[in-house]
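Both complexes shown next keep chain A, but they swap its partner, so chain B is in the first and chain C is in the second.
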Partner chain A sequence: MLILKLILRNAFRHKLRTVLTIVSITIAILAFGLLRTVVSAWYAGVAASSASRLITRNAISLVFPLPISYKDKIRQISGVKTISYGNWFGGVYIEEKNFFANFAVEPSTYLDLYPEFNLTPDETKAFLHDRKGFVAGRKLADKYSWQIGSLVTLKGTIFPGNWDFVLRGIYRGKDKTIDETQFFFHWDYLNETMKKMAPRRADQVGFYMIGVTRPELAADVAVSIDSTFKNSLAETLTETEKAFQLSFVSMTEAIVTVIEIVSLIIIFIIMAVVANTMVMTTRERIGEYAVLKTLGFGGWHIAVLIFGESLLITLLGCLLGIASTFPTAHAFGESMGTFLPVFNVETKTVALDFIAALSVGLVAAVIPVRRAIGIRIADGLRRIG
Partner chain B sequence: MAIPFSYSMRNLLTRRLTTVLTAGGMALVVFVFSTILMLSDGLRKTLVETGSYDNVVVIRKGSSTEVQSGIEREQANIVETEPEIAIGRDGRKLLAKELVVLINLPNKDGDKPSNVIIRGINSSSVPLRPQIRLVEGRLPRPGSTEIVVGRSIYRTFKNVGINESVCCGLRNWRVVGIFDAGSTAFSSEIWGDADQLMQAFRRPVYSSVIFKLRDPVKFDTIKSRIESDPRLTLDARRETKYYLDQSEVMAKFLKILGFSLTLIFSIGAVIGAMITMYAAVASRTQEIGTLRSLGFRRRSILAAFILESLILGFIGGFVGLFIASFMQFITISTINFQTFAELAFSFVLTIENMIQAMAFSLIMGLLGGVLPAIRASRMNIVEALRTV
Partner chain C sequence: MEKTEPVVEIINIKKTYRRGPHVIPVLNDISFAIAKGEFMALMGPSGSGKSTLLNLIAGIDKADSGAIRVGGIDITTLSETELAQWRSNHVGFIFQFYNLIPVLTAFENVELPLHLTGLSAKERKDHVEMALGVVHLKERMDHYPGQLSGGEQQRVAIARAIVTDPTILVADEPTGDLDRQSAEEILGLMENLNEESGKTIIMVTHDPRAAQKAKVIRYLEKGFLSNAHP
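So, the complex of A and B:
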């Protein structure tokens, strides 16, 4: 008990210094937590994707289409339950910086395949009946204050021209991990227009989305789809939605690695600050440690005192940092909007915060403890300041 | 009268561990600050050097990159008739009708596939890009299924060495050469014969038309002629601008990320410096009293302590920059958000970056030192001397 009291008293002897140290730990933990959240937001698409959905695309790369005639051939393969298809539209809303994902999809099967997008039955009906209709996620509709019935024009980058759409539904995600910034519309609208404008590009889809009857069958179905189209003019590559999303993330892996390294550097910065505080504190108290030793306290008592003080300070800072991570992450997520659509602080991040703070507290106290224990009583008592 | 410089210097030397820890914290912040500046400058430099000022890129109206674009053969032929196009040594026009598509290639480490630009070229393509230099092998023969790969591609991807082959579009494309285009985006591309690639990929249209101007100032004339021609739905841009535009999103992303990070980090380091300087002032109260009674002014005391923290900042900045300068040996290869294709670029340390990073570090030192220094200068002589 006495030791606890001593630690508490010691920690707040130099109020200004302790408060400054705690503030810097708070900031560091906040920054660390935000960076980890950016990393997990990067993987959000992977986390939210299902293992029982497959994506089939052209084996050469994503920019090459597949003929629409593949739809019926794929449907015949055993294990395939639903099949939907679509194109990445790549339209620009007013300016290029207003980026959001927009797809042309076969609407009714797409909604069947993605039950996590919640639409009211009325909205679904209105969307299915209007060939120029589109559905947008809640966050996206909020950002540009679109309401049901709003007219929206996208400028095509891949499919030239201005394309008019009417908002027929605003979907909400089943839970917080679902991206609510997507925009999708009728594939038929795209295809009919292409038939008129550029017949060569009509009747082609960018990708097929396939629902399998049982998740265990996914791998087998993928293999049999690809072997069906082997050596054809458009060979296919089929993978689970998870693998497909992961391949996107791995392309930008370098950036994720940079963010991870930087989040480690902040831990080292803060280690230096805390270690400095502890070094200064113990330097000032060398005389006291000598007195404690004279009274018969052992080295480990002094060690507990110093480690305890360092841990107390870091843990206080850590708790404050974690508490401020949540509101900051929320604000940050709102401002990033469509670039990082899913931005939630994970439990894992909080656990990592604690581990980081603990290791900072321990490592920072190592040198001071060695110095304090190593000092000879006579030298300690003789020393001034 | 000013307190000698050596006083501040020696004070830092006495408490070596504290000095090292404080300056170390600052050095890490400067390191992060300058590497991110270096990264976004490297990206920009790569894409700026890719374009030539007197080259013009023509792509479909509304498209922002060659991959999105499509130009019909007739349209390309109309562009070819423009009189402003320069003539090459062989008497033919310096104009290339090119095809640009993405293919998936497996990465050297871990087989992870990534998107790579494959460019269909014709005989004018190489003369149009003076940066291109063959390192090994030869250029592909026109009309053959041979390809040459850029040096960054050769380093990053599998099966692209000489005489190996890349398989796509039901054909095998044999690698016959490796070219180096310096630190430009072309180093991250694969080149092959345009007509062969168009057939294999069943894409009967070109992606872009690139030509050299006979006279660089004629750009506006030809631009307005191409863009107002009712037979063409095309956009003309200077090649320099075309590539600079591609760096925009990524460079902005890196800048925002970098600045917000270093801002947060620097608060930590400033506090670290502040703690150190407060402790320095507190443990030297008597000394300050002595100095004052010897006749040194408050101003000199203030200056001495600020100088001390500026030295801390300088050491931090110097060490941080020193470590960061080694990052120039590293090349990063990642997907450019705008073209959706792999692009290799390196960290570039410019004089401006060095000045910015150094100034940043000195400001951190100054901010950390100002309050403690003011406290030191305000001390009462008698009380300061009396403290034990």
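So, the complex of A and C:
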């Protein structure tokens, strides 16, 4: 009780210094939390991947297509439950800055494979029956104020021309990790148009999405698919959805690494700031610690006082930092729009905030504690007066 | 009151300080005894080693050689942890600059040493109120040191020193930071503690008026002790 009282009162003895230190920690934890959230957002696609889905693409590169005829051969492979296919459409809305993920997909099987996209039965039915229909994520529809029935025209970049669509469904993710900024429409619409405009590009898909009967079969099914098309004109590369998503993230791995390093540097800087505060504090109170030792209090009492004060200050800063991370991340996520579609502060990030604050609090107090415990009582008492 | 039984025995104490390559002798083979219930003043010029001797008796410094027995215990053989525990049970400290903890009230400052005794909160409260009553500061127990005068702070420090009913009271220049009137009050209190409660008091002072309150005056100069003013 006495120790707690002393920790609390000592912590706010120099209010300005303590408040400034807490503000520094708050800003550091906020910056750390935001950077960690950026990293999480970068990996959001990977995190949302299903273990029972495979992606098959051209072995040379994703930009090379695969024949639609592969669909029936893949379906016959043991372990394959569902097969869907699609093309990256790459259209822009009105102007190039309005960029978002848009795909041409085989609608029925695609919705079967991605149950995390929640549509009402009416929306599903309307979408499946309208060849020019499309489905958009909630965030995307909100951003452009689209409503069911809205006529939307995308300007094709890979598939030239203006493409008209009618919004038939607005999906919601089953949880916060699901990207709600996607746009998908009927592959048949794309294919039929290509048959007229550029027949050589018709009947080709960018990728197959395959649902396996059991997740543990995924590796065997992937090998079977690729061996089926070995030595063909379009050899395939099949990988889990997670590996497929990771291949995109790996292209920007250097950026992620830099962000992670910067987040650690922030923690080291704040560690130095708190250590400086604690060193100053301990130096000022060395006489008081000597008095406590004179009265019979042991080294561990002094250690608890200094560690306690350091931890109290850092944890207060941490709590304020975490509390401000959520609204800041929300505002940041909104401003990033479709660039980082899933921008949520994860529980893991909050845990990392606490671990970082705890480490800062403990490490910053180590040197002051050593000094306070190590000083001879007579020397400490001489500092008073 | 019987005052012949020695409560403190100093036997062939030597103490030196090192300043770089130089070894400076502070106490040279000092031996003496302090009887139970004695009020001893230790005088001497600055640097004569009187505070060092007081620190050795109080167990907050270590001698190079010799033995110090307090209440029959040779404290030179105790470890740091044992010494800390011994101090909390047997020594009451009064410092020149009071050395109160500024964030604790008078009550809490006096209560400090009792936290090491295992007494209940109620027992601690009774002890603290009694000690503050002795120094006539019961009505100011909720004041912080910064709200008290120097004399009042020193009275709180005396209450803190006596609250555990220690074997000896050690005072290092207890009136050195006080005006004449406050100094008189403090010395009067110490005199009362010695005469009425039989407390053994060892006081280091420069002030001859303060020393006159003591029953025994010893002088320390250049590391040697004498009973007469050199």
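Heads up, the rule we're going with is that the second predicted complex is superposed on the first by the 382 of 385 C-alpha atoms of A that agree within 3 Å, B and C clash if a C-alpha of one lies under 4 Å from a C-alpha of the other, contacts with A are read in each partner's own complex, and residues count from 1 in each chain.
Following the convention adopted for this analysis, a contact is a pair of C-beta atoms (placed from the backbone, for glycine too) under 8 Å apart; a residue touches a chain by one contact, two chains touch by 3 or more.
Only a predicted model underlies this, so the values are computations on that prediction, with no experimental measurement involved.
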{"item": "Joint occupancy of chain A by chain B and chain C, clash or fit", "value": "fit"}
{"item": "Partner chain(s) touched by A:S24 [first = chain B, second = chain C, both, neither]", "value": "first"}
{"item": "Partner chain(s) touched by A:G287 [first = chain B, second = chain C, both, neither]", "value": "second"}
{"item": "Touching partner for A:T120 - first (chain B), second (chain C), both, neither", "value": "neither"}
{"item": "Which of chain B and chain C A:S61 touches, first, second, both or neither", "value": "first"}
{"item": "Which of chain B and chain C A:N276 touches, first, second, both or neither", "value": "first"}
{"item": "First, second, both or neither for A:L295, with chain B first and chain C second", "value": "second"}
{"item": "Partner with the higher number of touched chain A residues, chain C or chain B", "value": "B"}
{"item": "Chain C, chain A and chain B - angle at the middle CA centre, rounded to the nearest 10 degrees", "value": "90"}
{"item": "Touching partner for A:S69 - first (chain B), second (chain C), both, neither", "value": "neither"}
{"item": "After superposition on chain A, the shortest CA separation from chain B to chain C (Å)", "value": "12"}
{"item": "Residues of chain A at both interfaces, chain B in one complex, chain C in the other", "value": "385"}
{"item": "Touching residues (chain side chain B, partner chain A) in the complex", "value": "15, 17-18, 21-22, 24-25, 28-29, 31-32, 39, 60-64, 67-68, 101-104, 112-115, 168-170, 201-202, 204, 233, 257, 261, 264-265, 267-269, 271-272, 274-276, 278-279, 283, 332-335, 340, 342"}
{"item": "Residues of chain A defined as touching chain B within the complex", "value": "16-17, 20-21, 23-24, 27-28, 30-31, 35, 59-64, 90, 96, 155-158, 160-161, 200, 231, 233, 235, 237, 247, 250-255, 258-259, 262, 265-266, 268-270, 272-273, 275-277, 279-280, 283-284, 367, 385"}
{"item": "Residues on chain A engaged by chain C in the complex (per definition of touch)", "value": "2, 5-6, 9-10, 13, 287-288, 291-298, 376-378, 381, 384-385"}
{"item": "Chain A-facing residues of chain C, complex", "value": "52, 55, 58, 60-61, 81, 84-85, 87-89, 93, 95-97, 99, 101-104, 108, 111-113, 115-116, 160, 177"}
